[in-house]
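Following this line, the structures themselves.
Two complexes are shown next, each including chain A; its partner changes from chain B in the first to chain C in the second.
Let's look at the complex of A and B:
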């Protein structure tokens, strides 16, 4: 088995259909739908579209968890002991188990919410962030940026479960949220340890994290205003070790991404 | 009322533990290091394979088992400083070159169509060998002086048995045609040849039988 498996070689059964996330965000039809939206973009149970949007988001969580599992697994294999010490790989192996459980939870929650595997497409952006060959960058991109996004997503879904009177959804999302906080902590810890004597490498890794954070705020998907369906979960991010400055920076990136989306909509609409 | 001052034997009549054992400190440490090395190669392979198998249930099982074997390696390495090796990495070594060849062959399959080959290597060749070697070790070592190793191996064996059973069930569900039977048999045969040539996961004498220079089997260790 070779090291560094490209995204094109991710193995899936015939139910999975791959799509490009950027295509979805730049599709002018989605912009027009957004323009028709007369109030908040948040997931709220009293909106007629809420069940469909929640199901779609749950399927997105499901495929994201598969890729998070694959990414953590590749980190146990792709690097030798000098690039990634055993203790780091042990943490990644633990993350494999956690992500396996998250896939299991997501499959069952999907059934609970009335969707099924393959009903929506799969964008492989998460695994793509895990294809970098520097373990410090990979941990910054996957464990800090994407697992950080997972904190925001799970907290949003947990709130939706509570607001919609669905104790099963709320219960499961809360458990997954606890794991994600742990994964972000692992990423922060290992980023610090791997780059202890190399500040330039740390800065490159953090720059990559910022790029990933901006990418996943695409079109205002994640932010702190009513225009974003996924809200930044400040309290849980603090628990995961992000300081206020870092969270403000992510909020700023999200606002920039929303402005970019508005500009794009102005050009195409 | 029980008189606590009345002398009692240190060992209760039902406690049959004894001092003699097959391994001295160095040999127990060597074996533990060899197990740790192979558990490491195994968890890395399982982690790497997750992205390469299309079957969703197999993917999830590999994720779970990946952590089990990483944890085994950690437990074994924690025992090494207690066995006089303060730098666990120094004794976390393959038993011999034959084991390196076996591990390389085990890890080799990559294609999405090779799930059977991947699983046969782990669940029909390596795990049965691991269970045998750990059982031999805990049955043979001194039940008093090497009790910490026995305790560790018992924890590991619980995982190994359950993981082997789960993997075997996956294999039985995947192998349904004569061609697949052939593939599974061929894979097991080629890996068995390598591990037999290596003498087992701890090298010659893994199960107490060694190969001497003339190629005949003999008792490797005796009390």
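Let's look at the complex of A and C:
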């Protein structure tokens, strides 16, 4: 089996259609919509577009879970025992089991919400962030940045389920949220252990995590203002081991990403 | 051929063909057996993309006034591209609700922006079911979820859905009464945010 599988070689059937971030920026509607005030971007059940936004987000969660499974799976295989101790691989194998379950749950939640596999496109930048060849950087990027994002996403969906009185969505998201907290803690623990004698390596890994955090706050997707559909889940991030300074830093990156998007749309619109 | 006023006359931001949109309206009118001389204004806000979907159906001076977000007609896999199946379903539901409004049985119905989410959705379920019977496919699982978001995840709400799907509501009063008899939830009574709608921001 091949080590360090490139994103182009991920196995997908004909239902999956890949999207490109650049396509979104070239859409001429973006500049127009920026000039309109659409009130809050938060996911709230009594907005007219809530069902379609929730379905689209659920499909995004589904493909994200597939890629998280692939990322954790690659970590069990891509590195030898010197680079990645067996106990780390065991944790990643356990994470694979969690992610597999999340894929199954997300498919069923999608059906519950009236969507289906392949109704929306798949962006693969989650897996791309997991293609880095240093296991410390991969743990920082995947387990701390991306699983941290999963905490924010699942908490947002859990709140949506609660606000809409949907017990199925609320409970499923709550259970998956608990797993994500564990995944972040595993990442933090292993990052510390792998880099305990190499502070420069740790800093490089944390810098990579910041880059991934900013990428996934793209266009204000995640933040703490009404302009962001995904809200930073401070309480659950604290439970996962992020300190206040780190959470403030992520919030700052999210605000920067929103400013960048505004500037870019100002140029293209 | 319907007496159709299409706004805009040509699309510039999305890859919809105005001529095809006109054909789709005629196809739908034929499918649902609507009068061919129906007067319709169809306004599509092409600045609004998937998933920012919303729609309004009213009657002004005997003319059916349909307003849609462009996202209602857009292919979820291909940005800016028309999804004809979605379009047929949206137009079918809109025109059927417009025809309801023209009938004496719905004379007392408030305008769309004054309906509660539950009233609006129960009416849409009724129209969706008529579309299906007319051969216009719909995604019933999708409709049921949208309905539940508005009317609640409850047996009472589900029973009203089944009645609407089987053609049980043929007057505005029957819809209003059914909604009044549902167990009220925060979601069915809260209208504050929905009023701050996508269409209003243009006015």
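FYI, the second predicted complex is superposed on the first by the 256 of 269 C-alpha atoms of A that agree within 3 Å, B and C clash if a C-alpha of one lies under 4 Å from a C-alpha of the other, contacts with A are read in each partner's own complex, and residues count from 1 in each chain.
Everything below uses one rule, namely that contacts are C-beta pairs under 8 Å (C-beta built on N, C-alpha and C of every residue); 3 or more make two chains touch, one makes a residue touch a chain.
Remember, predicted model here, so these are calculated numbers, not experimental data.
Q: Of the partners chain B and chain C, which touch A:24 in the superposed model: first, second, both, neither?
A: It touches chain C, and chain B stays clear.
Q: If you stack the two complexes on chain A, which partner ends up touching A:72: first (chain B), second (chain C), both, or neither?
A: So A:72 only meets chain B here.
Q: First (chain B), second (chain C), both or neither: which does A:86 touch?
A: A:86 sits against chain B, while chain C stays out of touch.
Q: Would you sort A:194 into first (chain B), second (chain C), both or neither based on which partner it touches?
A: Neither partner.
Q: Of the two partner chains, chain B (first) and chain C (second), which one does A:123 touch, if any: first, second, both, or neither?
A: neither
Q: State whether A:167 touches chain B only (first), chain C only (second), both chains, or neither.
A: second
Q: Could you tell me which stretches of chain A are touched by chain B in one complex and by chain C in the other?
A: Looking at chain A, the two contact sets are disjoint.
Q: Using the touch rule from the top, collect the residues of chain C that touch chain A in their complex.
A: Against chain A, the touching part of chain C is residues 13-14, 46-55, 69-71, 76-77, 79-80, 117, 139, 141-146, 148-149, 152-153, 185-187, 190-194, 196-198, 201-202.
Q: Considering only the defined contacts, which chain A positions touch chain B in the complex?
A: Contacts found on chain A: 1-2, 5, 9-13, 66, 69-70, 72-78, 81, 86, 89-90, 92-94, 96-97, 99-100, 103-104, 117, 127.
Q: Going by the contact rule set out above, which residues of chain A touch chain C in the complex?
A: Touching chain C from chain A are residues 17, 23-24, 27-29, 32-33, 36-40, 44-53, 55-56, 111-115, 118-121, 163-168.
Q: Mind pulling up the chain B residues that touch chain A in the complex?
A: 40, 43-56, 59-64, 66-67, 69-71, 73-74, 77, 89, 107-110, 112
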